[in-house]
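The same chain A turns up in both complexes below, where it pairs with chain B and then with chain C.
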Partner chain A sequence: MISPRQRALVEFVLDNLVWFILAIVLVIFSATIPNFFQTGIFVNIIEQSTFVGVMAIGLAIVVIAGHMDLSVESVAGLTAMITGILFCARGIGMGITLTPEWLVLPVSLIIALLAGSVIGGINGWLVVRLRMNAFIVTLASYIYVRGMVDAISGGRSAQDLAPALRFIGIQTLAGIPLIAWIAVLCFAIFTFIMARTPFGRHVTMIGGNPVAAFRAGIKVDRLVLIAFILAGAIAGLAGWLLAIRTSGATANLGIGMLFRAFAAVVIGGVSLKGGIGQLPGVYAGVLLLSSIQTAMNVMALPVHYTQMILGGMVLAAVLLDTVKLQIRQKLA
Partner chain B sequence: MKRLLSALLGALAIAAIAFTSPAFAESKGKIYYMVPTLLDEFQTESVKAIEKFLADVGYEAVTLNADNKTDIQQSQMNDVINLKPKAIILAAVDFNALVPSMEKARAAGIPVMIFDRQITSSPSDFTSVAGTVEIGYVAAGEIQRLLKEKKGDVKGKILQVLGDPADPYTLDIQKGFEEKMKEFSGVEIISLPAMQWEASNAGTIVADQLVANPDIDLIFVHAAHLAVAAVASLEAKGKKPGDVMLVSSNGAPVGLDLIRKGWENVEVEQPLYAQAAAIAMFADKVVNKQEMKPGTYSVLGLDSTLTIESWGPNLKIPGAAITKDNIDEPRFWGNMKAPTDPVKPVE
Partner chain C sequence: MTEQAPLLRLENITRNFGAIEALRGVSFDIARGEVVALLGDNGAGKSTLVKIISGGLEATSGRMLFDGEEKKFNSPAEAKAAGIETVYQDLSLCTNVDVVANFFMGREIVKRYFGVPVLQEGAMYAAVEKALANAGTRIPSLRTNVEHLSGGQRQAIELNRFVHWGGKLVLLDEPFAALGVEQTRRGLDMIKRVARQGIGVVIITHIMAQAFQVADRMVVIRQGKVAGDVARDQTTPDEVIRMITGEATIGRAGEARAQA
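For the complex of A and B:
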């Protein structure tokens, strides 16, 4: 038998396991990799977590709701390209300017969010109304949305983003880039929404047991639809940030991020069966992946190692999840 | 019924016009262009150039996009072989994996022309390349010059950002570049690949390396669209144009823009228009299986050398180094001014 205090401690460790792993990994990297332990590297880790991190928020919400969204990467690519085409001055950019100049910021953001919401809404509608499988629906979106990127860009790129937008990609606040703050803010807002509002609690309940949630009077279809729209909008935000970071857009921008977002979601402790998961854990998962990527870059190791480590970590995360479940059952 | 009849008559009239038009009457047949991807500007522009130049010499070009997937390109090759075109132009996704498909086409009597991505392990009917290894050589020469101008000697730290590590194109450039740089012991090269040629991956590499190795003198990226992300990272780190030298390859419009803005020093261009024009110039010889004479040929004004190699006739067109001094020359495809004069078949 363990005391209540010990039990609370074990629960705390289990709930925040990925943060402990992140801390251990950072300590090991700092101690063993030359040039790793410096402020600039930690800032880079936070900054580079931005895009996959933001994308992972929407993905995690849909997964917690018991579904799947494979389209987030392509949606981000689409909104990056739309932002690029409208507000870049070179390449295929139309170089649209607004007066006052700062207006470009909210206008481009709204366009990106709307474009993402539309794709998310189509996904959600097909899943909720037509009862189509979310995996298939979003797989189709993953393909056709990337096709849209290719079609609207003609394979060409847009560069030289409006200075008012580039400002966000260049400026820092307390030594951390503004785009990274946006990601942190998103995690804070959605952590609050998922943990403290009826919407978040209901989405989690739906993911755990949709029938029970329905019988409890929760509007399951409506909330699932909202979850998909949110995932699309948040992916739209990720694309907007990507365009800002790279000062434009290419047709293949964002490719490969879906799997990193998925890895972060799983490593962060979100159950692919739905109903379980917290967004801070997802952020820790993203930071962990970004730390490994940065370590590889600093060591100039072949990128294949990153892929192997990434795959290994996803497996380890699933194993850990099983172990956590068993420990919790023993504690109960 | 009346509506149906008029629709049928309309369709017949359109067909009659199409089949009796001079363009159709003069067509020498279809040539399929197997483009590896349409997600980069070089490939997109190559489609336009090949279609235009082949039309100049009387062929109709049909383009199939493999979306950077080897298996898709293999399937496309199999499909096209059944269609029995006059020839196939192959820009292979994978240099080795497409060899069996190429051999199958040639065994079926369909000539195969290699465009841009050289295949030397099996015979083909004609090759038009700038030479990816040679692009590495040109880049090395320019980088040696830049380092000498800045530091008085060929020494310093270079960050080399490759494309996808599974793409032989980038590996060949790396091979050529490092081969020419190895004699300079004072040069340290840090090489990292941008997975899937994705720009933000290149940006991440540059951001990390600028912190880990703040004394980097020069960044060499293997594609111009990666240079844009590299510049974004430099800018985010407070660098100004010229603080860190930048060299890129392929000659895309974005690279030329960066030179004009002072961020980039040299763009090593692949002579896209000349490579495409050469395909059209030699198309008759290839289709009619006529002998090709080795020697120097002028392709859009570039002296190009045709040699007969173990894999077949090989036309090598010189790649050029674009700097702020020659950037406005229309021969560079990055200026997007495709030649309007029609090309003529070689005698």
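For the complex of A and C:
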């Protein structure tokens, strides 16, 4: 037996492990890689973390609720393409303009969020009502939603996004791009929701023991459905940001992001068993992945090395999850 | 304690699953402050009966009077709102959150800021601390996740939570299946303490010794009927076992015998 204080310390370290790892990795990179330690590099890391980060929020919420959402990447691709087709002037863009011009901002955002919510809602409905396995359901939507992107774009791309939208993509605040702030803001908002509101508490409880939650009068099915809709909507936001950042959309925009979002969620300390995990850790996970990616770029490693290292990191993260669970069980 | 109406009265409860008659007319009473042991072999209909009482299943026919009023619960939530709850081993707690969160599961204290409900952790902590202190239950830290607590402590949380939220009738399904000797003894004490507050307790168990230690009455279900309904001091474990296996049928005032 160990004392409650020691246990609290070990738990604190386990809960925030990824922040410690991030700090150590950044120190090592700064010390060993030439030209790594400069403001531009760090800003780049934060900016790179935007899209995967936003996407990872929704994924994390669904995983905490005890399910899985593999569709977030394709959903982001879809909403990016919708935004591109509607509000781009060139390529397959329809170049819709609104008066006043800034109206394009809320309108495009709402369309993206709605489109994401619809896919998330379909996922959730299949999981909750038809009791289908979330992994299979969202694997299917990962595929068919990407198919929708190809279908509506015909494989072509849209360029030259409406200036009112592009504006957000260029602006910086305190030296950091505005879109990166949007990601940070999302993390802050959803961290609060998960930690301090009944919704977040109930979702966590459902991930821990859905039967107990149900028996306590918590509307489990409804909340799981909401979690999927939220994940879809947040992925929709990520796609909207992607379109803004790239000033348009291509049919393969966002491909590969699911895998990084998933890695970030696991590295960030969200247990795949459900019920365990905090969103700040997920953001740290995203930052960690971006840091490693950036370091490899700075060192000019060939792309296939990047893939191998990232793949290895996912394995390491899942292994870490297992080890952490075992440590927690030993503590009990 | 009013004498005129029992806490719960079951009248001729039946339940069919297709052609199978799981319950074939079950009638008995539970008084306030009474501990009733519900006994019976596997498949006798105990769990069906418990589910009907706690709203998990609907009876095919028959009446249920709770607090003197006819009641029909369409969901566990409705039964719970009326004050009836089943405590299943390990099915009532979320072990991944702390004691306070479990205590307030589904009934969190919130304060709205701009319409957003925000958990009031301080107020909830104080309430749990008070409730546990009143019940004489000691748990090292209310901020510990329940997964780190012993089976006995978990049961204490479940029962205290039930009492705190105005429970009137608690159904315990194999409450000591996973507990050690000392924890079981404490659990039995706690059940008696809960009953002394005027709460009806139904405990479902296979272990005769436990039933005789804690229950005031034994109700034996056999093949969907009450095969025995006797006060503890008027029977013996051997006799109860014979009722379970169908070798003997003894009912209070001969009711069950007449039915059988």
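Just so it is clear, the second predicted complex is superposed on the first by the 313 of 332 C-alpha atoms of A that agree within 3 Å, B and C clash if a C-alpha of one lies under 4 Å from a C-alpha of the other, contacts with A are read in each partner's own complex, and residues count from 1 in each chain.
Quick note on the criterion: a residue touches a chain if its C-beta (ideal position, glycine included) is under 8 Å from a C-beta of that chain, and two chains touch if they have at least 3 such contacts.
What you see is a predicted model, and the numbers here were worked out from it, not measured in a lab.
Novice: Is the arrangement of chain B and chain C around the shared chain A a clash or a fit after superposition?
Specialist: fit
Novice: More residues of chain A are touched by which chain, chain B or chain C?
Specialist: B
Novice: State whether A:Y283 touches chain B only (first), chain C only (second), both chains, or neither.
Specialist: Touch partners of A:Y283: none, neither chain B nor chain C.
Novice: Should A:G208 be classified as contacting the first partner (chain B), the second (chain C), both, or neither?
Specialist: Second partner only.
Novice: Report for A:G275: first if it touches chain B alone, second if chain C alone, otherwise both or neither.
Specialist: A:G275: touches chain C, not chain B.
Novice: In the superposed arrangement, does A:T197 touch chain B (first), chain C (second), both or neither?
Specialist: second
Novice: With both complexes overlaid on chain A, does A:V298 touch chain B (first), chain C (second), both or neither?
Specialist: Touch partner of A:V298: chain B, not chain C.
Novice: Return, as a multiple of 10 degrees, the angle whose vertex is the Cα centre of chain A and whose sides reach the Cα centres of chain B and chain C.
Specialist: 140
Novice: Once the structures are superposed on A, label A:F262 by its partner contacts, choosing first (chain B), second (chain C), both or neither.
Specialist: The answer is neither, since A:F262 touches no partner chain.
Novice: Working from the superposed arrangement, determine the closest approach of chain B to chain C, counting only CA atoms, in whole Å.
Specialist: Between chain B and chain C, the minimum C-alpha distance equals 36 Å.
Novice: For the complex, give me every residue of chain C touching chain A.
Specialist: That would be residues 76-77, 80, 86, 88, 91-97, 101, 105-108, 110, 116-119, 140-141, 144, 147-148 of chain C.
Novice: Which positions of chain B touch chain A when the two form their complex?
Specialist: So the residues of chain B in touch with chain A come to 38-41, 43-44, 165, 190-193, 195-201, 203-205, 207-213, 225, 228-229, 231-232, 235-236, 252-254, 257.
Novice: Sort out for me which residues of chain A touch chain C in the complex.
Specialist: 4, 7, 196-198, 201-202, 204-205, 207-209, 211-218, 275-276, 328, 331-332
Novice: Where on chain A does chain B make contact in their complex?
Specialist: My answer: residues 35-36, 38, 40-41, 44, 47-48, 51, 90-91, 150, 154-157, 159-160, 166, 169-170, 177, 242, 245-248, 250-256, 293-294, 297-298, 300, 302-304.
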